[in-house]
């Protein structure tokens, strides 16, 4: 038996050598196949690892657990419905935590909740008036002077715009506002400012204020979590500015790309956009989008004029005039306008100038690290809840610094989250019940309202004894309100964090490859708790599904490719077999059984398949290693998340190589079956007949 | 032509290999055509969706701001604008206008926010050619007859009617024949409503249909108390959609010359401008905004590019395999037929004819096999399209821009696929054919020695 | 904003604007007036009579001086837990000033609205900030808005038309239809009004331009208070029940009590005063 | 009557691996028009090489081959091909018909390659020649449906259909039984006499040689007897190659 195998091997190798062209073609194709399998599997798995990293290790964990009764599907990055999803709730994290943590392969359990909150940044005029009020309150003369100048310059810009609009349409409202603006710019008003700051300020706030541009409201998707645990578990989250939120403190970590791509001062944002596209190889000259973006920057540029503190204006004017080679006496607004007429030649220089000269003198972001921002949200309870929360830091997801999707979430402590989410507490319910009771109002059904309300014998009007004398607004009947503690100063006992409502629980695994098994085990544990467990791909909505779609597409492509390859290989081998008819005839003539001939042919392919598979896999490994070196750039933001970074650095796993080898062998052998059968059908007599 | 005959006869003679290679070519062409049909289908979804549901080829939209923070999507003197459009664009085939509202649809058991388009039924043949009635299963839970469709688009001619899309109907738990209430605010801020009857529920068109509903124009005029001559947008359909961008520029120039104030071009759909861009701009009054359908569907074009890239990559890989297969086969064929080639050379056939002979052989194989594959692909695509297979994965729906698999087999795509594959197979035969052409006539004699 | 707006971006933008539209304003607050009731005995009142009746209604509720009340607001919304507030509202009609201070529940206490001219400012003590809101602000997120707390101007804003003499429960009422006058900004162009013989509004139906009934408001209780400044009685509803007729199941209840018409502190309608309440 | 072929001092080397093998060691030979000449010699004697050179399918390493006044080594491949097409006909040992073409098409092929002949004329010529070689009724058959002799008749028809000046036949009867071989050669002879076409064929079959008008003996790459002295066949004997007469 051994001798026979040795013979087979010998024959096989010799014949491979002898039929070089067939060996080359068939081997080449199989090499190619193995190469493709290894590369595409490596890429696919790297993409999945990338997505996993950008999603699992930044926010979702391997598994998410949430209420079984949830109306919507958990979708951490937002789903396809309007508004916030209805995810049910988990009333107490601590009650279920241990059961989940006890499941095998669970490394960490992190409580979470998602709430949407708006952050309002006041309009420029409101902002200036606010600051002015503060200055008036403390009586800071020079501040008042500076800020008055800023209000004036905003009013001037508004008046200019008004004039432009008047050219298009003149309405009663616009002529009215013109009068107000003119008064705001008049000397007597500012003389009043010195005499009666309070009254003048009231006038400014109530009359001038409404004319200004409204502030922006940016919506933030907040992920409330146990911050210290979160930071320990989710190691892709990097704080790039500021610090982590200390235990027990209220605070928020804002995504850097949200800041840079949504909240930044618009002119700077437009310039950044153009800069980014230019580094990707676009030019202003050829791209209408870039031209339009620059036009937007130019249109928005007058804002710089009033965002600049007056004492900084001369320095900026000098720098701009120098750049534009114009006399320094020119007005700032036209200077800015010409400054933002940018082209490929001057863009980078002017960008630098913008950030060197203008950037430091105005506020580029609505808030900075250390500021306290106001988050507002319509709570679950139906109340509008606003909270002051300190911005402790800015974070990025490692490798995804640029992605707006990855950076769209902001992290907040659980206590703040609960308030914004408006968990209906027993205390509130009791209080509402008491209020209702003291109001003494009976429930009236809509259907019988008229009879219930007007069917009684009571008179409609009830005379109330009038209270005589001069009333005082601050009298004894005035409401007393407890001192309200500002939220940003509040702290909480870190140990109580777990003792309360969460919407979902992120589970991080020790060994992510055992996800399926752990998911099954967790589901079993969750079922009786009224919870459900889903993997990260389901928990992340669209983004998770993308990886599934990519996998499906790639697998289908490989399958089709192999199908075609089998046909082509089959053909090549059939032809090779036909050329060897006399060889097979001879073998049969000297007494080889059909089985032997069959084995010989299949064995040949197997040897070839194995060798070329190895070779192809080797090439694949080399190629992926090369790709790993250079990285595949992600063309779109969504792909950045999918890639786990701006570039995909694929790595190859041993399993990919094995899969490549196995697939090649299978394809090779499948393609050999028919030609091998042809070979076995060769009659011994052929050997005698010579060629053809 | 005798070379052709030799080539064809050779193919027929070596039936087995012709069959194998043919099958491969057939399959790849079929796949190619399917992919092209899919891309065309998605593009079609986009174009039809964008151009029927939310845009013309070119649009004159307008924004009106009574205060700096206000934003209304309306144009005044719509008839004058239509005349301007006709004047500026002689190749405009259809010029219609629609009213645009935004409000809440309230049914007994639910409510949704949506855009409300006021249309004149008779102008909108294009729109209704692309809408189909949704089967009950699309919007009702456990319907007795899941495939049943009810309603009639033509009923939109009647006053106080509305067309919803399945996704909205599902949220509203509404049914054809139900009465729903539209609630909006007039320009002065007063609440207004209209009771309308659902006359048709159309199938979803991917993302685009989520924010659209259609009612007769008068309903929107009543809701907003518009004066005569006010409309939402003028939609212009050109003879050739490819001219959209050029037409937009011409129209912009024309309107500028006539003194209309315009927004600078911004490739964004109108609702982004209405809700995000325009409220933040500090002018008041009215401005026009001329856009193309591509602007209105800008965020969806990426999807099509991705689809094209994937198709191209796959077809290239497959073509590579085919090239290897054909060149291998041809090499062997040349070897087998060395003497014949020598003879042909001896009796006076020149090299280029020998080269042609083999190229032709591969080309015939290519054109026949890929032709059949192309036709089969087109047939299968048409069948899949007719079967209207539903897609249940959200991500897929986004990619396909539809809730069903829509494939458009186009003649031009079949021709392209067949031409490419024929070229590929002929090209694959080039080196073997060159080798054949180098065979000396001496070989014809060699068997003798 | 982005060069390549993606789908998510577009969705976000839509979500951001999809907050529910304000559900415009309910009633007006009635006041005292002494004039006799509507003509009884089946005589159909002419337009002048009706206008006179409206004037009575407005006048009964009018108060030239200051005003302070405690109000309890309760909001029921289908599919949501009930919410309730207790607020104190202060008015100085002479200066067109209005202030609303929230007192209960604790989570809301200290919040307040201040109207100065056309600006409505919201103060939130937990954040210590003022914010300018629009005229159509939904007070505390409920379906009531500023107009619900403002003075009655029916005779100025509407033209009445007699419908019928009807019975409402045990009460005889005059049913009239009010149509908006040209060029007036009101939330509801058509109103069905049911007034008892004393000039108390008992029922009010607000309709859209289309004629669709949007909401029904009942005023089952009226209080009468003597006003020093008016030198007469002021009529104030004790209870207002508003039923949403479009989104059935939604309703708002307002109870007004402890009305005080004595002059208020001169500095009351200022930001500083409101801020001081929660400090 | 001038010579159609003049071979002068022709040496032909073939590469064989790194070595070079000399197949012809300086051959001189003249063939006159209308001759019916056999080249005889044992296997490997160089007769096929000589035929290749005369048939313009190969060029000599040294010396010249003048065919119908043209020096073949000075012609390009294109010119050589043209020459073969117009002035030469080939008959091969294993017939070398194009397997996928019918008898008619095989014969028509060279005319088609020549071009410039009208359809009717071409058809007529093909049919005529097929009739003449006695294969007229197999006109639509494929070569594999014919016997060896019939195939060779087709090959002869193909060689003659262009009315060449010289027909070369390489062992035309080697793959045929003797009776058939005789018939084929008889046919060739007949055509030679009727139409005056020059025939040159290689063979080692004695019975075939008997029909030849002249027998050139080749051995070890040299012409040992150019057969000019006797019109009757003589047995091959050792004779020094004689320079070709002019």
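In this document, chain identifiers A, B, C and D correspond to the written order of the chains, with residue numbering beginning at 1 in each.
We take it that a contact is a pair of C-beta atoms (placed from the backbone, for glycine too) under 8 Å apart; a residue touches a chain by one contact, two chains touch by 3 or more.
These figures come from a predicted structure and were not determined experimentally.
Q: Based on mean C-alpha positions, which chain is nearest the centroid of every protein C-alpha shown?
A: B
Q: On a C-alpha centroid basis, what's the spacing between chain A and chain C, in Å?
A: The separation of the two C-alpha centroids amounts to 43 Å.
Q: When the C-alpha atoms of chain A and chain D are each averaged to a single point, how far apart are the two points in Å?
A: Roughly 84 Å separates the two chain centres.
Q: Measuring from the mean C-alpha position of chain A to the mean C-alpha position of chain B, what distance in angstrom results?
A: 29
Q: Report the inter-centroid distance (CA atoms only) between chain B and chain D in whole Å.
A: Their C-alpha centroids are separated by 67 Å.
Q: Return the residues of chain D touching two or more other chains; collapse runs of consecutive numbers into ranges.
A: Counting only residues that touch two or more other chains, chain D contributes none.
Q: Going through chain A residue by residue, note those that touch at least 2 other chains and give them in order.
A: Residues 80, 82, 289, 542, 636 of chain A each touch two or more of the other chains.
Q: Return the residues of chain C touching two or more other chains; collapse runs of consecutive numbers into ranges.
A: Touching at least two other chains: 1, 4, 6-7, 9, 14, 16, 18, 248.
Q: Spell out all pairs of chains that touch, sorted by label.
A: A-B, A-C, B-C, B-D
Q: Applying the document's contact rule, which stretches of chain B touch chain A when the two form their complex?
A: 16-17, 20-21, 23-24, 27-28, 31, 66-69, 113, 261, 264-267, 279-280, 282-286, 302, 310, 313-314, 317-318, 320-322, 324-325, 328-329, 331-332, 393-396, 398-399
Q: Taking the touch rule as given, give the residues of chain C at its contact with chain A in the complex, in rising order.
A: Where chain C meets chain A, its residues are 1-4, 6-9, 11-12, 14-16, 18-19, 66, 68, 70, 72, 74-75, 77, 80-84, 86, 88, 90, 101, 103-110, 116-119, 124-129, 131-132, 140-141, 168-171, 196, 198, 200, 202-203, 216, 218, 220-228, 235, 238-239, 241, 243, 248, 251, 253, 255, 258-265, 268, 277-279.
Q: Which residues of chain A touch chain B in their complex?
A: That would be residues 21-22, 25, 28-29, 32, 36, 80, 82, 158, 161, 164-165, 168-169, 171, 173-174, 211, 213-214, 216, 288-289, 292, 295-296, 299, 541-542, 545-546, 548-549, 553, 557, 560-561, 563-565, 567-572, 574-576, 579, 636 of chain A.
Q: In the complex formed with chain B, which residues of chain C make contact?
A: 1, 4-7, 9-10, 13-14, 16-18, 20-24, 135-136, 185-189, 208-210, 212, 214, 246-248
Q: Can you list the residues on chain D that touch chain B in the complex?
A: Counting only chain D, the residues touching chain B are 43-44, 48, 51-52, 55, 57-58, 77-78, 81-82, 84-86, 88-90, 92-94, 96, 98-101, 105, 108-110, 112-114, 158-159, 162, 170-171, 174.
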